[in-house]
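First chain A sits with chain B, and in the next complex the same chain sits with chain C.
Right, the complex of A and B next:
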């Protein structure tokens, strides 16, 4: 790992958005508590017909696709060996880590009998033909891999940080509670030394985890599509096809790149950093080709199955199908123009369109196009939605805190001129320089 | 049991009562009402009926002629007063027309109009004329004072084979022309005569028309799919299919789904109330259902075309698994919150897009002029 590619974001931890997000997280925590004390029915609208609600459709199926930034950028950096994308990787891995860990948490909230979950860790009880087993195994392992991939950053900051926040906190505490200064320094020293021992060792074995980190999502992202193969009579024929695994895989890759663009633009905007236009333009050049392949498979398959007329019937299902196609198409058409690929505004608009379209595809497959039989209906309850919202809020909160504690974001003066380099970065608007830390 | 009672000329008391029990069950009425249905069947009250034929093959009338409880003879003579039926009446020409006219004037608002066949509308309806009048005019005249209209057969209900594109005669069903009268559709090619007889008996017993589905068909006869009652359903559930006519599976009586059976999407009770009083129906003799009661299937999809099963329903012989609880829909509060959040997200996205610099050059110029 090239630690000089990254830097910490300066600034206060406890901002206004911190408290708003924290409030949302706490509401969700209370509701999750309610779910475990009063049962699923108390908080969710799920039923026998719709045992998979918004938690599965969003948090697992869509959330992990949105968390595919780490996977997709890893493909570019470590397989295509495009090292100039390397500065993006740590923030991508961070979002992926939160996305996957929280997808796992959602499954735990969603499971009807969570106390049976220990069976998962007993190999003799594994059902190796089950797609769901593969997804569960991969998501869990990949979460672990992502944590390990992110560990060098944490170890690095443990080792080099001055621990100012901790010292300030110790000083702020009542003298009776405050630990002895010397003892604290000794403790910090010990942690630093341990981190210093682990880090070089981890750097050596890290490539193994990076390989795993590319293999696992390829496996389970396609399996998320395979999960619905069994629902041949329930999933509308617009979406049910033998190509579901391939469609899900390609879908997650272009969502992944689009999310990397969004995440980079939003964090540049929020933290008033220069925009990483050059790297993003490179990603944006890949996306439309992926979506064209994807749309080609979608329509080719529909034609092959004689379902094209159903796609243009303009009923409920065809409406959602066309919305999904048009969103992805509109975003891709924008990105085919080279000028738009270097414009933060149009990068943002097209990435939003593609993420929305790609996510709608997953919603269509998991919820909207899913009809378990006449009379069944499902719309998430408010409590159910709030749990999902709180999980998203937790992701943003965690990202916001960790980028300030650990060097995650790309280093601004990568090119060594002491100030932001004009050719590769677009300066953020007016207040930008104010927010930039001294010495950069 | 001798199921061939239709071949006998006399109807025994025992068979008559059995017939009434069948019809009561057929209409989905509780067993306690058998007496009432029987009373109606025995009573002397006669319902005036005018039966018009347009573009059709008379198959529906033929099918009705083969019913035996009650027989068509007892139906015509005792239960209804069939004042005009082009195939069955003895009279012809002016005499027949007069009989219809008399019935309409004498029973204003009290007679039932039965229509068999589609009505041509193209070129002023010249494709079908009886007594110098077009079908459109005859229908309008007869429908004006009718108590209710029964469209018997798929042609009268939805246009049938005449209405299949290119539809040169502009054929339509009764429902497309008559809007101000209650219409009961008894589709089928031909329909089961008991669906018609039960509708008539239902009206005579309760003085109202039976409950209808969205396509205007009595729910008691068209409320469930063929697939739910089919005797070959266990083969379907077990995955045993006939793959070609005359193959091993076909000879074994396996499910005909792969041969294009439309049973899974066709609403009718053919497997339960069979035809010709001999216990036969198409699937029982090895031919897939062609979906003759469904306007969108008959003549519109090929017989060999396999249908897609969207909403699988269990075989009706199994105990019900439906608990009646079908999940909760959207609550106003949730939709409001979702709408609000979507609006805010859209607005924030638009603001964000507006605030982001449009191009690399533009923002640089601003910074370093």
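Right, the complex of A and C next:
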């Protein structure tokens, strides 16, 4: 449905940034190999006091919040019925798909006994008291749902593509290796027809998956907060509260909208497309209300638990608490001004502030505010960081490739802002910006 | 009319969602304590009797040694590996004796091992039931054939007891299980309590251990601090302590009487009771989304994306 809203990005696949990202991915792959042969201790600084490190805190807890674009924009489009956000949805679903799939990948790297994961699929072994169980099931299902949500785009491409790249590749191969031209054409035809059969059928039931794709993140994003409820004696009282699930839910929604803004600005910049200011201004109008509600709950809850003074004690914990609050607050104050909401620069600045603040909140809960007792310290090792970096690089790499193979990005002529460039060849002027975790 | 009704619907849905998240909190705050079962098995460690011979540590490894588990550990000062010298509980050590030194005249041994909580956080946390509490004996034990290695038990345990084998390709969680499959089966007592030469470790039912602890406190006034550690901490634990110096100095943290697992489960169960809330949310969202889709079809204008004004 609405395939006209989207278009492929033109340009070469193998750009300079492609190889940079590929190199990062390969380094990560080697380190992951080391982890599976020598044990977790060989690559990470995690310990019995800090059994969860940056992989959980960033890749899973923060990464999935950053990947909430698909969830939050789906709420706008399919529940609030603001169809003018529809052009944004496919790129959001794509980044969400990558975010979640790779969070799943880092969990598999992080798990000590991954060969036992099949236990999740044996009902007699389900442990329904466990928040982790709920998170795991929800995240696995949601990743599947995201893939299904993205399928129409892929099927559409399979159906309409001329397969020039594949044909060129077949021609480039040595004649001894190259498949027979006719055979290839026949095969392509078959794939096309199959895609043509599946797509209309999928379009009919897709709405049920889309709604599932809204229900599941509501569940597991709040549960990501619930995970730390049980660490009542370890998590600093500034963060340990019964409202953790609610705070995590609201937090992921405003991070989700901010990331959509960032992603759109960055891909417009990198792919030299006009900025989608009108849609983004609309999103930016929602964010400050969410953050105000969130800050209200944070401070209301602190007052209720008589912890307000601890928040302003200006010690280690209070410092990180205030940093998290100020970042979110600064971004929101900027967005309350209508003029800032239509300026790509201020949109960028405020979205960065809010994503950083929101992400810091999650880091505070998972790592910084977590105190298992004296004698335990944690700071990620280089290898541990590199694995996270390589996973993020893989995410960006996949995005870069898929937007050129599948119509994902909003169709340019639909918007009256700025003139589209005649040819959209890619130079990727900003690999540095794209390397930021926020850019996913 | 239509946008108004939708707004009303969203308002209702929003307040329902709000209620769903606030209700569990108030519910959890109102929670009472857990019922303590004094018939469960437990251990009483008397720090004032312990002579620090570490026979219990050796017996523990000897008895429970298994493939990839409880191997001797070398310390930094001992490059030749002459001693089994664990620094702390670890992936190879289920119990350890430490010495707290305040001054040459004032010191105390202390033994660490699993506390076998009445309401164990690790059992509540484990997603696949690899950690379980026996209903009769109250023993909290670990099953490596189920464990996925997520280490949530380590996050959850208020005593930092479960240890993970960070240096192994096929790591396990290591913690005391009261010799469930070894010494307890054969002799009806744990290996550590069996070998203790001075009755610093007593094994038995929790109620008998509490009586014994009170008796010792009464018989030797001034010898002990006047509480039994573990009687009320985190909802009560089955591994109890007597000591002559404050427990916090022995590394036994000052913990509240509420079990964290009760708090966490109350909130989690209120949200997910009977799976009603998620199903209700899904059906409500389906209803709205389907109506929107129908509306979209009925006046499917040619694509003029910007013409429909957002109301946000």
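Following the convention adopted for this analysis, the second predicted complex is superposed on the first by the 414 of 440 C-alpha atoms of A that agree within 3 Å, B and C clash if a C-alpha of one lies under 4 Å from a C-alpha of the other, contacts with A are read in each partner's own complex, and residues count from 1 in each chain.
Keep in mind that, in the parts below, a contact is a pair of C-beta atoms (placed from the backbone, for glycine too) under 8 Å apart; a residue touches a chain by one contact, two chains touch by 3 or more.
Note that this is a predicted model, so its numbers are computed, not measured.
Partners chain B and chain C, once the complexes are superposed on chain A, run into each other and clash. Once the two complexes are laid over each other on the shared chain, residue contacts for A:108 go to neither chain B nor chain C. When the two structures are aligned on the shared chain, A:168 is found in touch with neither chain B nor chain C.
Of the two partner chains placed by the overlay, only chain C lies in contact with A:131; chain B stays clear of it.
Applying the stated contact rule after C-alpha superposition, one finds that A:178 touches neither chain B nor chain C. Of the two partner chains placed by the overlay, only chain B lies in contact with A:346; chain C stays clear of it.
Residue contacts after overlaying the shared chain place A:47 against chain B and chain C alike. Ranked by how many residues of chain A each touches, chain B and chain C are led by C. In the superposition on chain A, contact of A:373 is made with both chain B and chain C. Of the two partner chains, chain C is the only one touched by A:117; chain B is not.
After overlaying the two complexes on the shared chain, residue contacts for A:338 are found with neither chain B nor chain C.
Overlay on chain A, chain C versus chain B, candidates 9-17, 27-35, 63-71 or 99-107: the clashing stretch is 99-107. In the superposition on chain A, the residues of chain A contacting both chain B and chain C are 46-49, 233, 373. Considering their complex, residues 45-50, 233, 236-237, 265-266, 269, 275, 277, 339, 342-346, 348-349, 352, 371, 373-382, 385, 389, 422, 426-427, 429 of chain A touch chain B. Taken together, the chain B residues at the contact with chain A in this complex read 308-313, 323, 325-331, 333-335, 337-338, 341, 349, 352-360, 363-364, 366-368.
Listed in rising order, the residues of chain A touching chain C in the complex are 2, 4-5, 36-42, 46-49, 51-52, 76, 78-87, 110-114, 116-117, 119-120, 125-134, 136, 207-208, 210-212, 214-215, 218-219, 222-223, 226-234, 241-243, 245-246, 249, 278, 282, 285-286, 370, 372-373, 414-416. Note for the complex: chain C touches chain A at residues 6, 10, 21-22, 24-25, 28-29, 89-90, 121, 123-129, 144-152, 154-156, 158, 160, 162-172, 234, 253, 255-256, 258, 260-261, 263-265, 267-269, 271-272, 278, 281-282, 285-286, 288-290, 292-293, 295-296, 303, 305-312.
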